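The first chain written gets the first letter, and so on, giving A, B, C and D; residue counts start at 1 in each chain.
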Amino acid sequence: MGCEPHIRVQAEDFDLAVEIDRLTDGRRDVGAVVTFTGKCRDEGGRLAALELEHYPGMAEAEMTRIARQAAERWQLSGLTVVHRYGKIRPGENIVLVVTASSHRKAALEAADFLMDYLKSRAPFWKKEHLTDAGPGQWVEAKAEDENALERWKK
Amino acid sequence: MGCEPHIRVQAEDFDLAVEIDRLTDGRRDVGAVVTFTGKCRDEGGRLAALELEHYPGMAEAEMTRIARQAAERWQLSGLTVVHRYGKIRPGENIVLVVTASSHRKAALEAADFLMDYLKSRAPFWKKEHLTDAGPGQWVEAKAEDENALERWKK
Amino acid sequence: MKLIYFAWVRERIGKETEEVTLPGEVRTVAELLQWLRARGAGYAAALEHPQVIRVAIDHEHADHQTRLPLDGEVALFPPMTGG
Amino acid sequence: MKLIYFAWVRERIGKETEEVTLPGEVRTVAELLQWLRARGAGYAAALEHPQVIRVAIDHEHADHQTRLPLDGEVALFPPMTGG
């Protein structure tokens, strides 16, 4: 069972306070709220922007599948995942996960799980735009990100 | 070394968005921001409020020691811990941890570590105020909270 | 069958999407990748290392042994780097 | 020496803080707890199970074997329930 997750894929930025309120307003059973915000870094000045490509339709579907897995595995009262696409500059937000639960471990572990799976399973790809050379390479997937999923297979 | 943590003990509520901005505004090297908010639950309607007593002076000192441990153990660009005291009603906030890092694992693990240590080491005590009977029992410490610290002793 | 490409697979093949009619002997994802490689230099460059190519069938991840559906949308893309 | 009490230790002893002059043979935290228990019914009730009592000396956690300082602030309290 579990709660029904809120899933959004959008170009515009998100407002973390609004997303928390959505999961907690009027509730008296929530003991822990965890947020994870993934942001664009400038890699020591090298990067002018990241361009995020996504697979419309599948992105929402896969994020929903991942979120439902989390909602089945941990007792959550609420769960939100927002992923942006398009050109995102250093300092700007890329992804948001919010988990709410009566207990802190459920909220923390579920957020950790969601980020691991979003990294390696949600159909998004990052292309670098360099400060001094325009469009550059596609970011390569890291073996450590794929390996991180092993932690959850038990 | 590590960053210098922001530590506050206060009766008033905190604003999570302001606390995040404090750690990220103008920065282009932050890739991950994690927040943990601990809230008062009504325990199925049984609870009218929690009253949080604290040890002024030691609360700040111990929270600073815990935060410095986290800042030495993980590579964090910023770290904030705010703990409230006084009477707190169901739905209201009790504690906030914010961690910022270039990498997601550091931010997530540090927030998890901080909450485990705050639970069992920061000098705060919760007294229950019951819906139908006024001031009730002091909340008892859980063995599982003390045991949670073992995870970090390696 | 509709094929759709993303990231450097899309760039190397030089198109976002196309409709193809597969010969009868192309029944699995692996056979589809092999068949596509023979279609031109762009395809050959994109699919040079087929083992790194990720595949989704009708918006769900699939491995290279999966049988292709009779109709539907098959997506080819590099390992994902979201989050 | 200044003693300061919190939560149900404070409630049972019936005061928040007090100044005491310790006899020479009270040198450790454990000896202080034993000495306090003999001071009255409230102390006896608060310190009935000394092993659960947590102690801080000058704002730092200390265990029951710790030697007391010559002067300073010693706090007695139940296991903490913050966070």
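Following the convention adopted for this analysis, a contact is a pair of C-beta atoms (placed from the backbone, for glycine too) under 8 Å apart; a residue touches a chain by one contact, two chains touch by 3 or more.
A quick note: this is a predicted structure, and the numbers were derived from the prediction, not measured.
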- Starting at chain A, what is the smallest number of hops through touching chains needed to reach chain C? 1
- Can you tell me the least number of steps between chain A and chain D, where a step is a move to a chain it touches? 2
- For chain A and chain B, let me know how many angstrom lie between their CA-based centres, rounded off. 23
- Message: For chain B versus chain C, what separation do you get between their C-alpha means, in angstrom?
- Response: 48
- Task: State, to the nearest whole Å, the distance from the C-alpha centre of chain C to the C-alpha centre of chain D.
- Result: 72
- CA centre of chain B versus CA centre of chain D: separation in Å? 26
- Message: Show the residues in chain A shared as contacts by 2 or more other chains, in ascending order.
- Response: 38, 104, 115
- Note on the structure: Residue ranges of chain D touching at least 2 other chains are 83
- Chain pairs that touch, all of them, please. A-B, A-C, B-D
- Query: In the complex of these two chains, what residues of chain B are touching chain A?
  - Reply: 16-17, 20, 24, 26-42, 44, 90-91, 102, 104, 107-108, 111-112, 115
- Message: So in the complex, the part of chain D that touches chain B is made up of which residues?
- Response: 4, 6-8, 56, 59-61, 75, 77-83
- Per the touch rule above, chain B residues touching chain D in the complex are 38, 52-55, 57-58, 61-62, 83, 94-95, 115, 118-127, 138-141, 146
